[in-house]
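After this come two complexes, each holding subunit A, first together with subunit B and then together with subunit C.
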Partner chain A sequence: MSVTLILTAAVLSLCTAIMLLGNTVYSPAAVWKVLTGENIKGATFAVRTLRLPRMLSGLLAGFAFGMAGSTFQTMLRNPLASPDIIGVTAGSNAAAIFLLIMMNLSGTAVSLGAVLGGVLTSAFIYLLSRGGKFEGGRLILIGLGVQAMLNAFISYLLLRAPQHDVPAAYRWLSGSLNGVQLSDIPMLAIIIIIFSPITILLGKHLRILELGENSAVTLGVNTDRTRILLILSAVISIAFATATTGPIAFVSFLSGPISSKLVGAGTQNELPAGLVGAVLVLLADLIGQFAFSTKFPVGVITGILGAPYLIFLLIRMNKTGGAS
Partner chain B sequence: MRQSEKVFITLIISLICILLCIAGSLALGSRSVSPGELIDALFLGKAGTFGQIVVRERIPRTVFSLIAGAALGISGALMQAITRNPIADPSVLGVNTGASLFVVMGIAFLNIQTAGQYIVLALLGAAITAVFVYGIGSLGAGGATPIKLALAGSATSAALSSFVSAIMLPRSNVMDNFRFWQVGSVSGANWTNIRAVLPLLIIGFLISILLAPVLNAMALGDEMASVLGVHTGIARAIGALAGVVLCGAITAVAGPIGFVGLMVPHVMRLLLGPDQRIIMPMSAVGGALILTAADIAGRILGNPGELESGVVTAFLGAPVLIIIAVKSKGSSL
Partner chain C sequence: MNNEHQLKVEHITAGYDGRTILKDIELAIPVNKISVILGANACGKSTLLKTIARLLKPSSGKITLDGKGIWTFPSKHLARVLGLLPQSPVVPEGIVVADLVSRGRFPYQGLMKGLSREDHAAVAEALEIMGITNLADRRLDELSGGQKQRVWIAMALAQDTDILLLDEPTTYLDITYQVEILDLLTDLNRKKGTTIVMVLHDINLSARYADYIFALREGCLVSEGTPSEVINEELIKEVYGMNCSVISDPVSGSPFVLPKGRHHVLDSCLA
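Moving on, here comes the complex of A and B:
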């Protein structure tokens, strides 16, 4: 519990930092006044149009990525099995870009298509890896292959895209909080308010699934229904978050292992994982904005942070025999 | 059918297909050329009309796609043989991405420009990545099992390509023409860089042919091979070096082209059996065919632009990876 409180505090202070910092640093009082409706020359634009959407999208998307990633990792009993590594996210993105470019759709229709793409990809990978013994390593290899194919398909779509559709399509390819608008936020917020409680409640069952298929059945958990509901709510959260910020590299993958380290293995960690995701995205955005002479979008920073951790995790898994 | 007949027929069919691909590669693209113009330009050396000039411009690219495919095919066959791993391949093991990362770092930070400098950095990157991935993959119980190696390679590849993106992104205007450092393409080939990589490729080809009988012995198991008088350690090291040189040199010119080395040796093994003395040269033939065909397909699919050949080979080769993973039952992988 104390971990959750500390993480919440970290998230709140990072949110505050994003609101205060920028080309001009505003005092907390000034920011508060702007948020409560007062008009201050300069500050109103910077705070309401630039920083508020940035902060909210980072918070919500980070939370969604973290929680969904942790769900997949626990369900498949493998820290490498996060949706951004096994191709589920690529499935969503391919579907979204297809609808954008080939069908000329936009908005919610595209997001729903992304959900469908993610669900179909998950089902495909899961069915292929089912035959014989349920094996983590095989599932990940299959996922990597599926991801390679989907990425090839995305490259093809982008090449076919009319010039004016390309910026909209790129939203689905690289993660950034730049250019998020306040009007994009409510939809994402509603999705997260609906689906995080579902994920957290079903997460209890997930702990039992973690004990293994047989004991879960013995304890009266409907394994297939739990799995399907969890995959649905994770994929929906990811799809809508991606529609807002683009895929932010490695956040889904990193949040679960970090939060389970913080709360201790075996403890329920969907909520902490969501908070860790939000911390990662907000922190990486601050680093990207202010640490270097060039401004980097948040996805590049999380990519650089995530890469060494991926290697480290692999080394540890091999040493303990987790991968084979 | 006797083994030698099978090899002969496969070879003849492949060579006919390669000839068709060469013609296609010279004739097709954003400006297609008539057969008449193609023959004029190729055999009569004419360079008068626009079409004839187009053909001449496409010659280096076609030559490079042939030798690059051959090199990648052999490189994959070598890596599969020495690691006894059905999914070993320069792209699955991350070696191509490592080579690409080093070249991109060289361009961004060291301001390198010549083909020779590209090649040195690419080989360095390929070698370091190969050692690194093999090191991670062989940690823990059971040594370098196929699945641990493949996971180590794919994860390393994912990690390294996020560094490539990070380096390229703030330089997007300079790097726009260099998109092939993320997904490989043979479009950038010219005579200068073909000449630069050719000696390395010839050395790699020769080593792989000479090593084939030794690899056959090693397929029986390390102990059996030792009994037959093979120094398995030395043989592995030489084979790995040749494999890394072959794919590193190609990556220096074309960027990371994936999955050629994965699918071609598999198809050849399926068709012609496990004899490395046949697999090595036939993987070269098959690789040349696949990559040239992929390049043509990329130009047709992408018309009026073009789809990188690495995108096409990924789309063709990834299913092979999936099939191998699906078919393997647990421990056999």
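Moving on, here comes the complex of A and C:
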């Protein structure tokens, strides 16, 4: 519990920092006045139009990425099994890029397309890997294959794209809080308010699923129903988050392992993982904005953090023969 | 000893991917007794146990608990009566003993609540019966094979079911641990009246520890009864395709199988 409190405090501090910092640093009092409706020249635009959507999207998307990633990793008992590695995110990306480039759509249509792409890709992977009996390893391999296919499709789209569409596509692919507008937030917030309680409530079932199919059935878990509910919650949350900020690299992948280190192995960690996700995104965004002379989008910073861990995991798995 | 759940296998035919493994099996599990399912490799022992535990849906026939098909029970409800220790359970990384054992309480827990006082008591009792109270805070991956197996059985005990199925609980263990596990299961059966059904490989230990034996061959039930009724030279030949002598175990008085291979058999013993 104390870990959750500390993480909550960290998230709140980072949210505050994002609201206060920028080209001009505003005092907490000024920010508060703007948020409660007062008009202050300059501050109103910076706080309401730039910083508030940035902070809220980082918070919500980070939370969604973290919780969904951790759910997948625990359910499939494999740290590689996060949605950004097994093709779910790639499904959203492919759909979004297709709509951006081939259909010349933008805004809500692209977002909804991304959600649909993520959900359909997951259903496809799940059905392919089910084949009579559910196996985690098979799902991961099939997911990696589907991811490769979708990435090839994305490359093809980018090659065919007219020059002026390419930057928009790349902005989508790199993951950023820059372009987010306040009107994008309510939908994401509603989705997270609906689906994260489902994930947290099923946390206990997830700890049983983790013991393997046989033990889970024996202990009275309706395994198919639980798995489908958990996958749906995770996929829908992550697809909406991706539709808002683009895929922020490795947040899903990193949050679960970090939070499970913090709360201790075997403890329910869906909520802490969500909070860690939010911390990662907000912190990486602050670093990207202020640490260097050039501004980097948040996905670049999380990518730099996540890549070494992925390499470390692959090396370790290579040593242990894939069993983890 | 108020455990009187009747578990029956009624004309079960079952298998995987269209391949039939069990053929029209009909049997009743003796209440409050230890039963052992014997048979050669791939004869369907584990499949039978899995079908009883609802891990595999039979293609025809049904398993009934107190006259009702087990697939009609709500899953948590059934999990309070019927438990299973699978052959190779999956260990979550880094998990500690007490945590794992407490997961056996899942069928009793509500959606929102944590472990109740009753749950804690059941976990403590399970650890004590298995003699692993001192290991409660240890990580599972640090324990020896025998200790691990006791932890898994403790988890099944915490589930507090009247019927306990075990798929080869002694495989891969040294003889000392094999006997120890079987002794602990016998204690459990005598103290609480738990009906135990297990698959074992060792015929002689089975003959000692089982009250009742089911012998399978190629998916069919070929014989059932007490060890002394069932185990004889003809049955071993039929089930395992092996010649042997059966004597009385000088330690327990149960039947004891002495295999006869092609070598190291005295002339006086050749039939």
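Keep this in mind: the second predicted complex is superposed on the first by the 254 of 324 C-alpha atoms of A that agree within 3 Å, B and C clash if a C-alpha of one lies under 4 Å from a C-alpha of the other, contacts with A are read in each partner's own complex, and residues count from 1 in each chain.
The criterion applied here is as follows: contacts are C-beta pairs under 8 Å (C-beta built on N, C-alpha and C of every residue); 3 or more make two chains touch, one makes a residue touch a chain.
These figures come from a predicted structure and were not determined experimentally.
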Partner chain in contact with A:Leu144 - subunit B first, subunit C second, else both or neither: first
First, second, both or neither for A:Gly303, with subunit B first and subunit C second: first
Partner chain in contact with A:Pro162 - subunit B first, subunit C second, else both or neither: neither
Which superposed partner A:Arg77 touches (first subunit B, second subunit C, both, neither): second
Which of subunit B and subunit C A:Ile311 touches, first, second, both or neither: first
Subunit B versus subunit C as contact partner of A:Arg207, first or second or both or neither: second
Larger contact residue set on subunit A - subunit B or subunit C: B
First, second, both or neither for A:Gly37, with subunit B first and subunit C second: neither
Shared contact residues on subunit A - subunit B and subunit C: 132, 324
Touching residues on subunit C, where the partner in the complex is subunit A: 16-17, 50, 53-55, 75-80, 82-84, 86, 89-90, 92-96, 99-100, 103-104, 106-107, 109, 111-112, 139, 159
List of subunit A residues in touch with subunit B within their complex: 80, 85, 128-129, 131-133, 135, 137-138, 140-142, 144-146, 148-149, 151-153, 155-156, 159-160, 249-250, 294, 296-297, 300, 303-304, 306-308, 310-311, 314-315, 318-321, 323-324
Interfacial residue positions of subunit B with respect to subunit A in the complex: 87, 136-137, 139-142, 145, 147-148, 150-152, 154-156, 158-160, 162-163, 165-166, 169-170, 183, 258-259, 301-302, 305-308, 311-312, 314-315, 317-319, 321-322, 325-326, 328-330, 333
Interface residues, subunit A side, partner subunit C - complex: 77, 132, 201, 204, 207-208, 210-215, 217-222, 260, 264-267, 324
